[in-house]
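Remarks on the structure that follows.
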């Protein structure tokens, strides 16, 4: 119960389609049940600083079985997880763009998107997850 | 005056019991007087991102002889320890779930729990400490 | 197809039994199919510097589906993998003590042992793997 | 003059074809002229420890405009670059599997492959580069 390369490519294709629609080039990463990278693409013109962020978002989303947007809401100052962003050697991303991939009600992987606004990253990640 | 492996197992058993009661699988870690890991368990289904956080919470709690919840209250923006979460190479956890283990009024170790909400982590950690 | 906490405890018990026989306290760590820690124990008196090494050995053994002893033979100067010890941010251990855990001919996890000579670490790790 | 995502996919397809021929699942990464990741795939069953190594090999190959195999020959004890593997925060890979991608006599990117023996990684990387 994990994510195959074929699964990851399907997720990435769905995410790329959405990125093209909104006209914002993106980094898109997919991780498996163990949080390990299965595939990554950087669309032409997408930010180079977002390579690692896309991977971190995917890892974070699987690591805590939650979207990074929701985790972020809980990681603001005074919130219950404030400080989680300093753990795990900088791999925890707490802003929109990481979305779990589920099968039979179980999180088996995640997709992470980075390259635009939080709203843009989120819609592309959700499109990717829908493609799963 | 420290924590033996037998002590750690008793703490972990008490914490696991509480985690089972509340139905939330957890990572549970115990460190000794030197802040060094004595034992760790990840219950089946617990978040993989919480492995390191449970260890960080235990380390932090012993490192400053305080619960991570109380440290967190003092580490919010404008508070006296704001920024402590960026020290010690990312090992400082400032949210609930790390609780000192004391003997004869002296902190001799700590337990760290991660895998649920702040409230859940805290109650499991306290149950673990009570088992000490 | 991975390693449960119950599996990990069985592996650790078998490894501890062997460590007691040879009279050398050990750190013993077990990781699952994704390379993520399932459980760790440090026996009383075992080296604190070996906490991380035991976890690194387990991770390395699963990460490359090989014993760290065999990987080490291939990572000496002029050998084909020389330099692998500098990758993955210091998590790659290339000396004896990490052994894969297999089920139905597939590596589904690993055990890592550190606390004695290479020979001692290896025999304890093998005993742990046999307990799986 | 760099590497587009389309270029990277062509390189990866050629590398995957060769990996399939030799029956060894691989991690394959492509970087552009800036050394930044363009695309990565992990074939089903390939080592998780090789995710980062494939990226490091690609980065290293472009970073020094040389194959990692040739760099490795110069990085053994007593050789002129011994120690280079400890620089750049662990991103320098000095064993076979990283090959430059050239256009009009200029290195404009690189492909990195990890998942088998040095010989296997090298033949897959060369097949990928030939696909460029």
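Going by the order they are written in, the chains are A, B, C and D; count residues from 1 in each one.
As a working rule, a residue touches a chain if its C-beta (ideal position, glycine included) is under 8 Å from a C-beta of that chain, and two chains touch if they have at least 3 such contacts.
According to UniProt, the chain labels map to these proteins: A, B, C, D = Heme-binding protein.
Worth saying up front: this structure is predicted, and the values here are computed from it rather than measured.
The interface at B-C recurs elsewhere; of A-C, A-D or C-D, the pair that shares more than half of its residue-numbered contact pairs is A-D. For this pair, subunit A (Heme-binding protein) with subunit B (Heme-binding protein), the centres built from the Cα atoms lie 28 Å apart. Subunit A (Heme-binding protein) and subunit C (Heme-binding protein) have Cα centroids lying 31 Å from one another.
In this assembly, the C-alpha centroid of subunit A (Heme-binding protein) lies 25 Å from the C-alpha centroid of subunit D (Heme-binding protein). Among all residues of subunit A (Heme-binding protein), those that touch two or more other chains are 34-36, 89. An unclassified topology is adopted by the chain contact network, corresponding to no line, ring, star or complete arrangement. Looking at the complex, you find that subunit B (Heme-binding protein) touches subunit C (Heme-binding protein) at residues 4-5, 8, 34, 36-44, 48, 51. Of all the residues in subunit C (Heme-binding protein), the ones that touch subunit D (Heme-binding protein) in their complex are 34-35, 59-60, 62-65, 77-78, 80-84, 86-90, 92. Only residues 32-36, 89 of subunit A (Heme-binding protein) touch subunit C (Heme-binding protein) when the two sit together in their complex.
Listing the residues of subunit D (Heme-binding protein) that touch subunit C (Heme-binding protein) in their complex gives 47-50, 52-53, 56, 72, 75-77, 85-86, 90, 92-96, 117-119.
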